[in-house]
Every structure is written in structure tokens, then in C-alpha cells.
Amino acid sequence: MSDLYRDQILDHYRNPRNHGTLEPHDASFEDTNPLCGDRVRIDLRFDGERIADIKFSGRGCAISQAATSMLTEMVKGQTIADVRELTKDDLLDELGIPISPARLKCALLGLKVLKASAYGYTGWPGDGGS
Amino acid sequence: MSDLYRDQILDHYRNPRNHGTLEPHDASFEDTNPLCGDRVRIDLRFDGERIADIKFSGRGCAISQAATSMLTEMVKGQTIADVRELTKDDLLDELGIPISPARLKCALLGLKVLKASAYGYTGWPGDGGS
Amino acid sequence: MDPVEIREQFPLLSSHGVGRSVVYLDSAASSQKPAAVLDAMRSYYENDYANVHRGVYALAERSTEAYDNARRQVAAFFNVADLGEVIFVRNTTEAINLVAYSWGLANLGVGDVVVISEMEHHSNIVPWQIVCARTGSRLEFMRVDGSGRLVLEDLDRLLATGRVRLVATCHVSNVLGTVNPVETIVAKAHAHGALVLLDGAQGAPHLPVDLSALRADFYACSGHKMCGPMGSGMLFGRRALLEAMPPFLGGGDMIRQVTLRDSLWADLPAKFEAGTPSVADAVGFGAACEYLSGLGMQAIHQHELEITRYAWEQLLELPDIEIYGPPPEERGGVIAFNSGDVHAHDVASILDEDGIAIRAGHHCAQPLHERLGLAASARASFYVYNSRADVDRLVDSLRRVRSIFALPGA
Amino acid sequence: MDPVEIREQFPLLSSHGVGRSVVYLDSAASSQKPAAVLDAMRSYYENDYANVHRGVYALAERSTEAYDNARRQVAAFFNVADLGEVIFVRNTTEAINLVAYSWGLANLGVGDVVVISEMEHHSNIVPWQIVCARTGSRLEFMRVDGSGRLVLEDLDRLLATGRVRLVATCHVSNVLGTVNPVETIVAKAHAHGALVLLDGAQGAPHLPVDLSALRADFYACSGHKMCGPMGSGMLFGRRALLEAMPPFLGGGDMIRQVTLRDSLWADLPAKFEAGTPSVADAVGFGAACEYLSGLGMQAIHQHELEITRYAWEQLLELPDIEIYGPPPEERGGVIAFNSGDVHAHDVASILDEDGIAIRAGHHCAQPLHERLGLAASARASFYVYNSRADVDRLVDSLRRVRSIFALPGA
């Protein structure tokens, strides 16, 4: 019916995985895509280097919310090093739909927030002379 | 040889009539065409309403200087009312050459100065509730 | 007016064009161009090209004549008799900034008030924020009521303080479509000694605008929204105001005389057109004005009223559609809406799959969306080349949106 | 490089064009356009037209891609890696005013000095007069020596005061043709903590310009002088400076977030491009850069050196010709001159009768003409489509001027 709005995307949009907030959390970050008003927040709880729990909240288009939902499933149980290596292509492959340049910012908002949230916990790459 | 630079024009340019200044004078005005740097000054001496003497000075292109020279011949001995009625077409007819829009300001600089000079003596049309 | 015939005059949309199957409903952002406009520009470049002003050779004279002629065409379109009152600018945004920087910096001070409204485009908000901050003057607002109309009591209340120097508001809202009561606003402001700037970006393309009758002090618009090229726009200003204002941009063509220490300004309109103007874009703008006059602005307005009413009725057939702004007879050819809780970007993406071009987002009117409690809206806008068939395709595709998102009733 | 062949690529000048018999020697004012540039613009309007930014439909994406691509082309032409450092403007004049208003108003104060030179175009004089007057800073000058070169000792003396915040000068003079020692000027200024703005209006079209190597802080140029459309130009600025500067024009596209009271600015380059940009003109500008790169900027420079040397030699064969500025090997393709005491306007009018287009007047450089003790000069300027045959026709026609005005030796 739609190249973009496949069942998997709509399913994640209607039934977001790992939705909500974590209190207390070890790290949290929120950002908005100013052009469309999409907003995503991600809370993380760590077990050493490993993501023990992750939850996201926010509002926005189906693409940004579904992509973030799928992203939380991808990284739950992974290490910070894994998150660091995650590329936008990894996420786009997982989404499996043709994202046009104008919608790219929607699709990648969650990833941007996740990275910021994880780096907020460990320090940004390049910080502290590492 | 040239549509614009006919003998009459060149003659007036090389041998300007009524060239110089009048001291004392009854009226005098000077203006420049800022775009090309042409400058014309006209001095007038009146005998009642009649232009008893007229002299012009300045520098500039052949068109502006020749046109002013011809103009002084046209108006010497005329009344202020005559000057008031003089139109740019009268002067352009007298010049008798095809003046392009870009050179119009050159051709009409002297007329503009003459009118300002004469009005400076009698007051501008519309001044003083007349 | 037959939009199907008119469509053939627009190369992109015509039956030979790449957009022959596209339903273009984003003319409020920018309109497509008729061949007449593109041809006029090309012909200028190929037959009359030179820089303008001061050149004594034949090409430069033809180029200057083309520029002057474009100004006459634009002035005639707006019924302005004095060509010095028509300043060519890049777009509405530059026109408003010109007034803000030139008139605003010179005339606003502590205690003075500039009034805008909640429904303004960012281009009629940000320049006033900048200038008010610089001059210590205050920015105040007319609110928008529940039906998308300006709350004129706010204007009365503000004017009554005697502090208002300028009222700057849009002729037509680019989101709500509201046609503001600009004659009333002008009369009220003038009665209190305040000037009026109208942002005509959405007015000039769609309504007959007679600037002699309207008596606004400034009027700004964009050529690219009215069949003209990008890079063209107009600032109209009353001569006495423009003459009293200091220049804005400094450079070639706007001066009478320059010494190392000082300069004398040129006469209007050159005083506000520093540097080499975009003559080609002005020529295209002039041709666009001729084109629109040929169709007739009253006929264009009528056509838009009809298609907007039709779209309004058809859209409201869909459950859960929310339309913002006043009823069709009080608006220009713009309808902003949301479909259930589907995000406007998702709506626009699905419509795009069906070849329907609408805009989604805040349409450079964030404060208005804030006021309406919305993150975004979808917006369909209509122009001379849009037909009822376009509306039907829009509505069909919106049904598909509903079914994809499984909205109740789909 | 074969100018006769190149001429065929310019519709106006080609053997089918209205200007086939015209000798166009006014490219310093504005260049003619190759078909490649006009075709790129037309194709954009006919196949990819929509407003840019934020549109999610296919046309808007193509339009945005066309705009981004144009910026990549212009950036590549000037060897700029960071696209955020390339701001599209209407022309050189707007670029310089942008720096004057944005950087100048924020950074200049009482006691500060801006240094320009006696050979500047009004566009690089008037903005600094305006901003210095507003900020209480002082405008100082490098003089021009008898051979038309900048007196660099003036720069040294002024820099030594420690007061100079900015040195703004032309890359190439539009009257004298002087190619200024811009590397030296940049080094001197930077050594004293002053910034450098180069007015590249006459540099960019004629010389290879590598902005990574040059290290100027700002570089301004006009597309219409380099085979591009009117309405296109570039301001290059170093990222750190542009980021620290407040915006200039306020409106759509240059903001990240707007509330009624406050705004957050967008990232570069959008921060300095308020309102709907002229994408079509940017596309044409990009195509012009490609076109010039295809010919090769080094080859263009070489061609101009040769034709200027030839013209110089031929002109000096005429008695009473006075040429202003340095010898041909130190200049761009511009020769300003006077023929005996014949006024430059008369020269240009007679040349026009012979189909030869030159400029006459002060060329927007009144202070320089004052300095040279001239009311006006005649100016012939050369570009890629000019050949030795054009020079020969110029010289023949100047002989006619002499004979009409019966100059001695005619």
C-alpha cells in the first residue's frame, strides 16, 4: 500500500517497544527536530558497560517514533562500545524503507539522541584527551 | 561621419558662444550631472523682464557644452516668460541630433541650469502663492 | 477561467512536462512559472543583456529600458503612479528587513511600540525582534481568535496608549488563509499616527491589490509566489517616507556622489537598490504581473474562492479532519489541516507517493502553531492551475492515509 | 583558448545573435552568459521547481538538491571545503553590506579603525562609511601611487597603531586593473590581529582564486560578472567568524526556533540566507563556475594577459592616449583611458556608433577619479570571448574619434 509505511513501521508506531521513562536512570537526553517539531527522549540504565534498560518517550511522526522504537530493541543489552559503532546505515537497513533526504532527519533523530545520551554517561569521543 | 557629432555641434563645442562669467550678475546657478561629472554654470543679467546678457562656463562632454552654447543663443534677448515656456523638445529640436536616453541628461543639463537661474531671480512657479 | 487550459501554459505542469501527473498544491510556498515569464527572461539575456545605468552603448540602453519597463509593469499591477515608490528586492523577507533596518533603526526608540500579530510569518516577526532589541522599543501582538481572525480589540487597546509607531501584519495568513481587514487596520493605525506595513506575500498573488486605494504605508511581496522568478520581489513605500529614510545597503547605483569621507544618496528608487540589480528577475516579475493581469485578478480570486470552498466541503467529508482558520468565503486559497492524529509529515509523505505535493510543518509560523497547540500542520494551497480534479485526488489520497493508519471510519 | 569559438557559446554574441557584430568590451560591468548557464536555469524552472527546505514531496527534494549542488559547485570553484562558509547573496554589494552590518555593528567601536583604499568601488566604501558613522569607528585609507599601485606603507603605518580591526580592499581594481598583492595584505593584517575582506568582484571572474590558500577572512564576488546570472553572488567567510556574527536579515529559513519574543538562529549557511533564496540564480551561478573551470581559470588569465598587452600596445600607438594604472603584466583585463581632451562620454558614444560597447564615467569609483584629477574615463574590459580583432576594431574607432574631434595628428 505504501513504500514507506510498511506494516513493521506502523506496528512500531502504534505499539512502541520500550516506551516510557526510567526513574532513576544513569543517562538521559532529549532533542527536537526543529523543522517538524518531532521530539525524542531516551533514558538509559547501565550494568557496567552494558545497557541494562532503555526507554524512550516523545511525540512526532511515524518515521521518527518507529525508528526510535526499533533502535531501542537493537541496542538493549549491547555495550556502549557497540552504540559507538552503530552507524546511521545500520539503522536505515533495519528500517528497510526508502527514506528520502527530507525525512532522513526524522529517521535519525532517535539515533542522535541515543548517542548523546550514551556519550553523556561516558564522555564524548575525543573528550579528556582520550 | 557621425550621427551625433555633426559639424554644428562640434563648432559650438570648440567655439562656445557666450562663454565666460558675468560680474556683476542678477542671477547665477550651477549644477552637475553626477554620473558623468559634467558641470555647467549660467550667469544672467536682466533688463527688466528681458535677458540682457547671458554667459555660461563649465566643463564636460561635447553634447552638454554645445547644447548649452546653443541654448544661450536661443534665449539671449528673450523674456523670463519665454524661458519659462521653453521645453526640452525645443532644445532637442535645435540640436537636431538623435539623443539616446543615456545622453539626454547631458543634453539637458544647461536647460536645467538656465531654468534654475531664471527662477532664482523671479521666484519658482508656485512660490509665494502666485 | 479554465485551470486545465492554464496548466498547459506552465511547462513543468503541462502535458509535456515532468510534472504532468503531479498535483501541485504548494503554491503558497512558491508558484510554478508560465512559459511567458521564462521566455521574457531568456529573451532579455539573449537580446538585451548588459549592466544597467550609465552605459551609453545600445545594449546598456536596451537593458535599462527593460528594467524601467519591468518597474512600470509592476507599478501598474498595484496601481502605483509614482515609479519611485516601487523598490525591487529579492523577496518579501528582504523588503520587510529593509523597512526594519532603515525606517526602524532611525525612528524607533525606548518606549515606542511595534505591533504585529500571532499569525505572522517569521519574516514579519524576526526583523522586528532584531530592531526592537537594538532600539529598546517594544514588540506587541494582536492575538488570533478561535476562528482564526485577528483580535482587533488588541489593536485598539495598544493604539490607545499612543505609543504605537508601526503596525506590521500580513494581508493574508499563509496558514489560516484569513484575509485580514487591512482597510480597517490602516484606518485605525493612521487615526493614531501609526504607520502600517502589510506583508503581502499571500495577498498580492491572489487578490486584486490597489495600493493607491489601500493607503498602506509599506507593502511587501515576493515575485516567486505570483508566477514570477525567484529573486524578485517588491517593497512599495510612500514617497515621503522613503525620502526621509536613510538608505539601507550602501554601494554602487544608490549614490549621487561619493568622496572618501561622505556620500550623497541617489533619488528614489535607486537609493534603495544598491549594487547591480537582478534585471532579469525584474523582467520576469514584470512579465508575471502582465500574465496575472491578463487572467484578471478578480477572476483569479473568484476561482480560488470556488476551489477553496469545494476543497473545504470535500475535506470535511473525511472523519477526523481538522481545518484551521475561518470559513472559505473569508480566506485565500490556503487550507491547513490535520488528519486525526497522523503527523503532518506522514500525511505529506503518503500524498507524495500519490504525486500530490503539499507542505507539512509549521510553515514558518511557529508562534501561530504554538497558539493553536500544534507541532505541525499539513497545508494545501491552490492557484490558477489547480482544478477540482486536483482536490479530488487530494481527498482520495487522504483516504489512503486514513486506511494506512487505520483511523476509525477508514 | 579560442575566443572566436567561445563566442559561439554565448547566444547574444554568437553568429546567430543580435550582438553578432557587437564588440562587447564591458565585461567588468557585467559579462555575457553562455548557453550552458541559461539552459541550466531554464531546466531547473521546467523540471525541478519548488521552494526549497522542508518540503517532503519529490519536487521540493529535487529543488533542494539543485540548490545544494550549486553550492558545492561554487565552493569547489573557490576550493572551499566547508559548504557552511559559502553564503549565497545577490551580488558583491550585498556581501560587503552583510559583513558591515553583521560583523561591523557588533565588533566596531569608538577608536577602532577600518582600512580601505583610494581605489575602491563605491560598494566597498559606502557600507564602511555607514557602519563607521554608526559605531564611532574611523575609516582610513591606503593611497594609490602614481603607477596605480597601493601604497603599502600606509597600511604598515595604520596597522602599527594597533587600532585596525579590518582591512577591506579589492582583489583587482575595476578601473586601474591593478592586481593587488592580497597575500601580502592578508599576512600583514593578520600579524596585527586585523581581519581582511577582499572585494573579489573583479578577481573571481579573471584569476584562479584558491580561498583555502589565500586565507582571507571574507571574500565577496558577483556571479553576473563571471558568466553567471544577475542576482547571484557569494560571500565567503571563515566559519568561526560567521558563527560568532549575529544574523543580518531576519525571516524564514534563517531560524531554528521562533517564539513571539525570541529566536534561535539556524546553522550556517542558512543563518545568513533569510527568506526564499533565488535557487534558479544559484543554479546558474554553479553552472557558470563549472563553465569557467572547464575553460580553466589559468587559461583565462593567460588569455586576458595577452589581449590586454596587445590592447595596451595598440592603444599607445595613438597619440594623446592616456592609460591609467600599472603595465599589462600587473593587471587584469581592464584598461581605463582618455583620448586627448575628448570627454569619455563622447568617446563612448562614437564607439557605440561603430558597435563597440565600452563604459564611460567614474565606474563607481569617484574617489579614485578625484585622486587622478579626472572627471571621467573611458574603460575597455576583456573577457573570454574577446579577440585581437575586437581590439583592432576598438583602435580603429578611436581613430575616428580623433578625426571627428580633429585632434592633432589625426
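As written, the chain order gives the labels A, B, C and D, with residue 1 at the start of each chain.
Here is the rule we go by: a residue touches a chain if its C-beta (ideal position, glycine included) is under 8 Å from a C-beta of that chain, and two chains touch if they have at least 3 such contacts.
This structure is a prediction, so every number in the text was calculated from the model and none was measured.
Peer 1: In contact with chain A and with chain B at once: which chains are those? Just list them.
Peer 2: Shared contacts of chain A and chain B: C, D.
Peer 1: Centroid from C-alpha atoms only, then distance chain A to chain C, rounded to Å. What do you get?
Peer 2: Measuring from centre to centre gives 39 Å for this pair.
Peer 1: Measuring from the mean C-alpha position of chain C to the mean C-alpha position of chain D, what distance in angstrom results?
Peer 2: Averaging C-alpha atoms per chain gives centres 31 Å apart.
Peer 1: What is the distance, in whole Å, between the centres of chain B and chain C, each centre taken as the mean of its C-alpha atoms?
Peer 2: The mean C-alpha positions of chain B and chain C differ by 48 Å.
Peer 1: Hey, what residues on chain B touch two or more of the other chains?
Peer 2: Only 35, 100, 103 qualify.
Peer 1: By the touch rule stated above, which residues of chain D touch at least two different other chains?
Peer 2: Where chain D meets two or more other chains at a single residue, that happens at 54-56, 58, 60, 257, 345, 349, 360-361.
Peer 1: What are the touching chain pairs in this one?
Peer 2: Contact pairs between chains: A-C, A-D, B-C, B-D, C-D.
Peer 1: In their complex, what parts of chain D are in touch with chain C?
Peer 2: On the chain D side, the touching residues are 11-12, 17-19, 22, 24, 26, 29-30, 32-33, 38, 42, 45-47, 49-51, 54-60, 90-94, 96-97, 100-101, 118, 121-123, 125-127, 129-130, 139, 141, 222, 224, 229-231, 247, 249-255, 257-263, 274-281, 345, 348-349, 351-352, 356-361, 364, 366-367, 370.
Peer 1: Which of the residues in chain A come into contact with chain C in the complex?
Peer 2: 1-5, 10, 35-38, 59-63, 100, 103, 106
Peer 1: So in the complex, which bits of chain D are touching chain B?
Peer 2: Those in contact with chain B are residues 342-346, 349-350, 353, 360-362, 369, 375-376, 400, 403-406.
Peer 1: What part of chain B is in contact with chain C in the complex they form?
Peer 2: 34-35, 100-103
Peer 1: For the complex, which residues does chain C have touching chain B?
Peer 2: Result: residues 53-56, 58, 60-61, 64-65, 256-257, 264 of chain C touch chain B.
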